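Chains here go by letter, A, B, C and D, matching the order in which they are written, and residues are numbered from 1 within each.
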Amino acid sequence: MDDTPPKRSAERTAFYDELAPHHMAPLWEVLHALLTREPQTPCVAAIWHYDEVRPYLMRSGALITAKEAERRVLILENPALKGKAAVTHTLYAGLQLILPGEVAPAHRHSQSALRFVLEGEGAYTAVDGERTYMSPGDFIITPSWTWHDHGNDSDKPMVWLDGLDIPLVSFLDAGFMEPGNAETQMAARAAGDSLARYGSGLLPVDWQPTGRTSPVFNYPYARTREALEQMKRSQEWDPCHGLKVRYVNPATGDYAMPTMATFMQLLPAGFAGAPYRATDGTVYVCIEGRGETRIGDQRFAWGPRDVFVVPSWASHAHRAAADSVLFSFSDRVVQEKLGLWREARGAA
Amino acid sequence: MDDTPPKRSAERTAFYDELAPHHMAPLWEVLHALLTREPQTPCVAAIWHYDEVRPYLMRSGALITAKEAERRVLILENPALKGKAAVTHTLYAGLQLILPGEVAPAHRHSQSALRFVLEGEGAYTAVDGERTYMSPGDFIITPSWTWHDHGNDSDKPMVWLDGLDIPLVSFLDAGFMEPGNAETQMAARAAGDSLARYGSGLLPVDWQPTGRTSPVFNYPYARTREALEQMKRSQEWDPCHGLKVRYVNPATGDYAMPTMATFMQLLPAGFAGAPYRATDGTVYVCIEGRGETRIGDQRFAWGPRDVFVVPSWASHAHRAAADSVLFSFSDRVVQEKLGLWREARGAA
Amino acid sequence: MDDTPPKRSAERTAFYDELAPHHMAPLWEVLHALLTREPQTPCVAAIWHYDEVRPYLMRSGALITAKEAERRVLILENPALKGKAAVTHTLYAGLQLILPGEVAPAHRHSQSALRFVLEGEGAYTAVDGERTYMSPGDFIITPSWTWHDHGNDSDKPMVWLDGLDIPLVSFLDAGFMEPGNAETQMAARAAGDSLARYGSGLLPVDWQPTGRTSPVFNYPYARTREALEQMKRSQEWDPCHGLKVRYVNPATGDYAMPTMATFMQLLPAGFAGAPYRATDGTVYVCIEGRGETRIGDQRFAWGPRDVFVVPSWASHAHRAAADSVLFSFSDRVVQEKLGLWREARGAA
Amino acid sequence: MDDTPPKRSAERTAFYDELAPHHMAPLWEVLHALLTREPQTPCVAAIWHYDEVRPYLMRSGALITAKEAERRVLILENPALKGKAAVTHTLYAGLQLILPGEVAPAHRHSQSALRFVLEGEGAYTAVDGERTYMSPGDFIITPSWTWHDHGNDSDKPMVWLDGLDIPLVSFLDAGFMEPGNAETQMAARAAGDSLARYGSGLLPVDWQPTGRTSPVFNYPYARTREALEQMKRSQEWDPCHGLKVRYVNPATGDYAMPTMATFMQLLPAGFAGAPYRATDGTVYVCIEGRGETRIGDQRFAWGPRDVFVVPSWASHAHRAAADSVLFSFSDRVVQEKLGLWREARGAA
């Protein structure tokens, strides 16, 4: 087998033309494009430096209100997927701005969302009647089909990275959306309740999970950062990842969300990682430190709040000039559930 | 919230133009297209009548050998997804022909495949060193990344419906493929071994599953048909489905395959089903009987070996003029794992 | 540490005496008896030859009716557990006789029961409204807390081996029992329905398991025997077990019952097994063939319908003079769920 | 069916006598004792007041060293199970004392252990090379078959409640024990490492659980108590339990240990609980507050460090005179895995 289709002949071509109106086509003409030796993603690597992006975000705050926009977000589009509202084939990323006093009204949808807080303090996301106040580095979840709204009671702009499974849900033809009746939800539970209730190594004795998403809505950065700090005392550094953890649903031990795997990793100053690749295209954001990531032949220098994307199966290696912390998300959880995820260490 | 984007102004438009080179875009311009009230699949309903399709298939047998084609298959393309080798957004379907004496050489790939036998008797699929001989109505599995080849030692053409998760795996950027060294595999196990070993309510005492696919490669029609016949004695007919079962992985109770759910259903003569819809676009094929399925406003009459596709969330209802048996497959297993699958009974 | 308690002194002994009225005792006096190097079961090996036992069983048929007895069973007691109604520490075994025309009235209990048919044909067990007709070698389940009754419409006595988790449930203080209102249940489903419905590699599309026991009530010997016969064509013989399979719950892949693991094994004529031991004391019964099992220093020759018990951690080895089939059951499923089960191959 | 065995006759009695030497017995003579309408535990309710017990414990410290005793523990025996080293049918409880400078040498066993700290501060338990320093109210786990030793580097006596599954493992004939070569283990990991690594909503990215026990060895009281305090702000009080949580294995969402379920509950001052019963006999210990528990017809007043036991299926109700916190453990996890656990609310 060579990776080229069989030869065409006049007879064959005529036959293929006859097939088309019957909604049929010869597999052998496209087999080698459909079943490739390795993943052939159209996506490319890219970076969004926060200091370049932030002025646009602030200008958007002057151009439209959160309420009029419903969600005032600048989508981060993969340069190779222009107009598709996608940062990888399956995932969406955007930067959301909410100004003091603003509200982003309640709605719900099949798509799951994660928020990773970049700037500001004291705005909230409300999910199913519980408000979660946000600080930089916090990882916050809006589970599928839960009512949610956002508000900023502080006196500073609040910015976070949104990650959603919009392209995946569209591809599955499985998306529903419903707008809310009121702009904001009634507070039914105390702020921070879900973390106390489900995130302390305990679960209410008769509680059963009702969905596939973690019952903890907010994984605060303070706690995650401290855990990394303690873990590094006993940890041997992984040659590719430094010290890398995944966020966990305490009710099952699975990933925190059913469609997006989320990770945090610590790279110590001077870390020079070995090359790595995996089939899950991944969005990274830096919270602390600075460094660079080589992706294929390109080098991307990053610092706090910079967002970059590594395509599926692209060989990449991280270096850290200072102690650095990277949050990341991908569809690895989906690929693992389907038995498709692969990784490889070392040079391509 | 109305389902239209905010008003454009010269200033806004200019701003959007400024964003584009930075690989950013305003979410509010596309939000209502991304998050729709209900699934908005581009796919349409379609049917392939076997007696119309078969002559093309036989002509393909004269135009190219199985070996030259690697797999001699006519793809069934959704009319709305021309050139995409897709019957639904996520799935591929095709009709494969293998003539007496032919061999389709060994290869393996990340994509999972199912075979549903339509015509002929006595050709085989070999999976991981075990040959499975095929008869009409048999449901045969090629698990992800297993070596497989096909051969026809009989004296008649053999035709089966191929179902693969090619579009899904492409979308996940997770596909690998490897051609084999030899055309056919050595037979390492007796024909039919997997069914005896794993499919009789028993499992070898120290055996552990190594993947997410059923260890049974062949679910013979004779056995499935007899089970339906016995089940109908105690069964109340489901108003939408008649008597519908799913193929099961005996090692886990899950669907037989991790990316494609497979079903068989019996509709008694005179059955007039109630409307039903679900988010999994579904490919049906008739094995016995005749009837028609209304999909939205269209009616599709079907008989043995006809293949038709119902798009996601399309309301549809089956009628049977004779006792009829329908095999079907969809991505329901994927949607369930991700917490996205929905169904509704009754008129849209 | 040596395996003896600390020395006694007058002072210590006086102290221990003082503790007793306060319901306290010194651990160090009993620690070495409580935590032993290896399991120290009180159970012993034993065999019940069917031709010796059967006359007693038949005499019991003359002494008491099934109805008066509620269940006319001769308990097989471990010789070391006299009066405890236990064949191993955790399990109960007995031989049940039901004569032509008799009925064993309906009741239900927390205890799970298995029936392994030894003699007769055509009597039934009814579970939750479904009758299962029994033949020698059939393995039949009465799940926990399901109504069940037995009846013999044939013209011959019917004898089966009962296995229950009575000692285990007593030890857990978790047993409930309820007598029925009527002697026999209404037939709500066709005979054999559960096997067709759940045992053919298919499950009803919207069915969810409601308990931890297999929805298949009857695993007929004909099917099991045929599976063994086919499997042996590809199987390498296990040095200890020959060809050994476990009965499986098709809804989960787990053992067929939550408290008793059940197995069938084929030993070819001339088989001389290597020694083996495991922490689950096991009850064996021969269905076909003849052979002997060495347990520790004792040899137990067995033939059809003979029942023997191997204690926990006792080294044992099977030999077969003819092609032989052994059914067995133990609490291995419990021990595995609790992370306690161990096995060792080779001489003790 | 009445709950009495069939009538004896001379003939029957003679027959039963004949059966005995053959290790058989008539089921119908004992059926009503084996299968009871409700659980009939021999265990009784009991309480150990810490101020009465502590002097004996301190005297034991003068009588024997931790090293000579291997474990210096006073067993709390159920008054109805004298000499059985059991507090319920399945569980063992004891009070362990370790004096300043003492060491309890390393060993490992199949039995799982929990420690609930009652008095002292700063002694440690070492499990698999990680030391956990203990404070009152901490819940500490020694998983099955892990090396563990204890030491007291502080200047005060340290006392904790030991809970083990000794009777259960004995009953299953599945216990192994191995003494260590050295008195104390090398410290391989930083103190507190397991809590940071596995207990903060994160798991190392490539980590897989190796057993059925929580990878977190120490659930500190400070964290548990704070969680209860926060949860009570949103919680409706359960009429029977107040606010009750279970300790969770973050890798699976299951109970923290495979054989013992552990709980913590908060009863607000003035709480007057409704009666409740369940099939899991339960050991309670008070950490804070005071109150009383009515068990059947008896009343047991309790305060800090008092231990009491509620037998299976005994109706009981808690009252709290002050804000009170109760730790408890039982075999509920075992019964749930086996499908046997039941509870009932309201008067018996």
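To be clear about the criterion, a residue touches a chain if its C-beta (ideal position, glycine included) is under 8 Å from a C-beta of that chain, and two chains touch if they have at least 3 such contacts.
Everything numeric in this text was worked out from a predicted model, so none of it was measured.
Q: Hey, what chains does chain B share as contacts with chain C?
A: Touching chain B and chain C alike: no chains returned.
Q: Most remote chain relative to chain D, going by C-alpha centroids?
A: Relative to chain D, the chain with the farthest C-alpha centre is B.
Q: What is the distance in Å between the mean C-alpha positions of chain A and chain D?
A: 43
Q: How many angstrom lie between the centres of chain B and chain D, each centre taken as the mean Cα position?
A: Roughly 52 Å, centre to centre.
Q: Express in whole angstrom the distance between the two chain centres, defined as the mean CA positions of chain C and chain D.
A: Inter-chain centre distance comes to 30 Å.
Q: Multi-chain contacts in chain B: which residues touch at least two other chains?
A: none
Q: Pick one for the touching-chains graph, please: line, ring, star, complete, other.
A: Looks like a ring, each chain touching just two neighbours.
Q: Dump the list of chain pairs that touch, please.
A: Between chains, contact exists in these pairs: A-B, A-D, B-C, C-D.
Q: Under the stated contact criterion, what part of chain A meets chain D in this complex?
A: Those in contact with chain D are residues 189-190, 192-193, 196-197, 199-206, 209, 216, 219, 223-224, 226-227, 230-231, 233-234, 238, 241, 244-253, 256, 263-265.
Q: Under the touch definition given earlier, write down the residues of chain D that touch chain C in their complex.
A: Residues in contact with chain C: 1, 6, 11-12, 15, 18-20, 22-28, 30-31, 34-41, 43, 46, 48, 52-53, 56, 59-60, 63-64, 68-79, 82-83, 85, 88-90, 92, 94, 105, 107, 109-111, 144, 166, 168-179, 211-213, 258-259, 279-281, 311-313, 331, 334-335, 337-342.
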